[in-house]
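Let me begin by handing over the structure; questions about it come next.
Chain nomenclature is as follows: A, B, C and D, assigned in order of appearance, with residue numbering initiated at 1 for each chain independently.
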């Protein structure tokens, strides 16, 4: 019953197999190999666009490098106060961005809405050179709360950003989970809706350590090779990053893995709801946030369940977990089994 | 006949196997897993010391993070002008070190000697706060020229550094190749000789992507967790880094892999010498630098041999490659075969 | 009727005279002169403590350098959301601090209170190395709203900070205005209450361009000389900075200048109140914030009055200026005349 | 007999007077005042070009800000190994430039020549993204050795730089001394010869603390306002910087001050030569480098003379000061008197 994170899972079989296969023979380092070329082509096919792609080993690197490309050091990034870049990257965006500023905004369901963003753009523009001005907008897809931005929502936010000269970044650590839920193409969910840079995660989705920074306007990728190298994120045996994405992207493997994870989250949420617990946000990806009574928490932990409790201030408007409870985050993955889900729910049903 | 780099090789079998094994089941992320604990213990056993260890995916990250820990932004790192940190890391030490300065020194055989280092310490001390002062000394082991610092040489340089308040960093991207050549223990080659921080490389030695920053005084590692995370170098599925080192370090696997690479380099050098070519530096690890006449270069490349040509200014004192020749770098690895070596030599012998 | 800022004023006569006098003869550069030594002694006498002092030309530099000394790049500074370091320094703290984070907190009257600070300390501690942790607390004295922290308030906040390992910074751009209002000594208002680093401003108080970074524990000033130089803030003809502070600090000149400014603010506030306007925050220094009806704003501007309008979101809790009004900031200085104050008030009285 | 530096002098009378005059009345801060506008116009007239000008208080700031505008963090600045930016700014260029690299080159008379620069451009280009590539060239005018680049020399170096995509920076801390010696216009000595950014110094020339960063292509100044502010170098009472330049530039005052300094250096050099001492480099500005026998050094110091001794490694090719001597640097300024020069020479003549 490991619901601690999608990164507690192992590596999906086809990805592991691809790594093993890539281990044979010689290949030039630093991305100058055929497999890397092939994966770049896969990205272009997937997104139906001449994207520029850079593979890196971590999501923090992918986000920080992408944001640094579109945000000058004296500017800021509009983002949700619960965004991973704010709460869990130890200042990586600030570091890679030469001291840029994350401008934290509130929003129901861990999502930003146009009104808030518009007010923030107004607030963080002008008064130059005294004030840090907003240069970009970052959306997490799926969000840290497990919710999803629909394409029309992305389009509205991106249009607003672009109208004021801001570029749009998407933290897609769980991009697969979002896509698996929506009936749209990767292109529709990104550049067609106005996304300029996507951190496309594979690690949480089933890879070992592989993320892609995807620029939908290759001109925005200028000096990205230097930035990646300088950050220590250009792998010498780069083909192993490529191998992971090659398997991940072929035959919709990434979507199939994500669908399983989402499905497990749905079942979990259903069971919890039926047991009378309060699900905090709509379950649209592979995360379930639930207000967990203390006695159940103790019981589940005793039975070997693993999950994290989050700061109550994630709850917009200061909505507090009921009395003795806490805000529990349950994460499913490609590796989550139905058995574990049922076992977990049964423990709760039995109170 | 791939002698382009040791990173063109694949992954050594036992390491690949370990990765596959680590892929099973669940484990906490970010290094909070049992395998990581076990590997940390392996390092302590190997070095006979209470070392603090941090695993990262690239050598550039390992060097840059280690140097940043021991060098304030307003200070400098004494190093050889040919050092990898100078020539091939795109300013990563400067980036992670907040703008520190690499103070490049000359030295025969790509090695630093006490006289040069002493003069540089004198030169880069005092005149505060106007001048960048030296705060650390970086040695590459084995060097970029394929030579090796003997333990007494390290001890002499480190004693000099310590006497003036400088810390000692070792870029051990090819630490295994150096150790395999010397009849000393890892402890003797590092902290017993005065090394404070070691970037211990496994990637070139046979891993997929795994390097360790080893602090011999854990107090020097303060805030290293934050620095690593902030640099995007804390892998979420950290156990795969641990798995690589676990296999690498067990049963002297790392030394056996290195010995093979060194042996191939020796044979290569012997053949080249016998064919009348000039070997530039003593062959003590897995690199052979040779002055390559142009017609041979053309012939070898035509036959499918792969290797890089280096800037002639790597040659100390401006010694130029003979007339029409160039400075060729041949690198062997755990994966280099005797067949390839012989084939390469035969091509040369036949002129 | 210039109430735009205290930096629109000229230079106070005795300071100008001191600059002229310092222009004679030769003196060693970079602070190695007698006048600098004398000023350092003045600071020690003033604060009754062995302070370490560094003079710089701007308040932004003073704040950013001081904060960088007490906050590692991967940590954060607790501060009021209206703090000058947040709103008006274009990311200087982030730049000098290597990408540190300003953690903005709300607070009535532009002041922080223990409850908010305690909650923030709890929020921004632990979860290492993922989360940016709070390493320091910054208080502005007098605040950006023209209010003042009393010594017991400072002591309570500082005790809280120290109990959790945070250092305390004070942005004293208007330190003189605060001191002139309170019946306490500089020592009581700073280190005796727990302040660790003070940016002591003279520019707004009557100097040309002179600020001092005062460390109450000289050990915290380690490498500050390098940091100042590296930031381009070590003036070569340093004696001119010293000359300004020499005059500023002698014979309580700084307090006398500040008292005049405060007095002018009091009269302004009285007049505005009597005319029925709403003063937003208690007037305790040389700033008056007033809700200004649009027709009066137009009239005053037409009559040549100069002042700035601030973002309404400075108002805690979203309190909005009445209907057609705006949040006007009126700043007095040593150079403000009674005539100008009366003229301004009369314009308002006559509606 | 103060020859320690041109910054040991006071403030030239007309500049001091201008400061006093600027102290009257009110003026908007941060450069939004009439005097600043007037000075910007003076620069445009002086350079016969639509320059963009930014005033800052120190030469280190001027250099570091200018270099940061034309050199990405992952690139390098070609410069002489004796350049002030290398030896005396404590890493300010690296700090403001986000970790850029100074690429030090040798050169007789402290000057760079095309051959060396060409070789360096070849050396520091390509091998992307591994190697730091050269993005700019920095020339000091007059040089740290007191020599001067003639306009044809600047033009040749700048043409070379531009042909390879490098921008050209000039450290003009002693620009006046250089101009006063040459029979050319400021335009001819800068943009007409290919200079892109000039750090135009007034401090050493007679101001209190005033330097200008002059961009000959205003497009290169984009975001410079933010960069200056963020560096703490936007003075709030900016008119005092403007006042200094206003006086400095009017009626050729800057050239007259410089001519006096140069004249004093010439006399000093003549006297030293006649006394049999060896002048190291051609005396073309206000610096005299002389090999000073130890007994004379003792005698002069005893008589109250003040000057610095420089590292012998400033001497190109390792030329060593004779036997017991040292490399003495004598600097004259607008404030140097003939009496002091004669007194100094007499002391030497009398052995």
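Basically, contacts are C-beta pairs under 8 Å (C-beta built on N, C-alpha and C of every residue); 3 or more make two chains touch, one makes a residue touch a chain.
The model shown is predicted, which means the values in this text are computed figures rather than measured ones.
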Task: Contact-richer chain pair [A-B vs A-C] - done: A-B
Task: Per Cα centroids, the chain farthest from chain B - done: C
Open item on the list: Rounded to a whole Å, what is the gap between the Cα centroids of chain A and chain B?
Closed with: 34
Open item on the list: Nearest whole angstrom, what separates the Cα centre of chain A from the Cα centre of chain D?
Closed with: 50
Open item on the list: Can you compute the centre-to-centre distance for chain A and chain C, using the mean CA position of each chain? Integer Å is fine.
Closed with: 41
TODO: For chain C, jot down the residues that touch at least 2 other chains.
DONE: 30, 73-74, 89-91, 95, 98-99, 129-130, 226, 229-230, 234
- [ ] Could you please specify the touching residues of chain D with respect to chain C in the complex?
- [x] 2, 4-5, 7-11, 16, 19-20, 22-30, 56-62, 64-65, 89-92, 95-96, 203-204, 208-209, 226, 229-237, 240, 306, 335
Open item on the list: Show me the residue ranges of chain D that touch chain B in the complex, using the header's touch definition.
Closed with: 73-74, 87-91, 94-95, 97-102, 123, 127, 129-132, 311, 313
- [ ] Can you check the complex and tell me which residues of chain A touch chain D?
- [x] 30, 72-74, 98-99, 128-130, 223, 225-230, 234
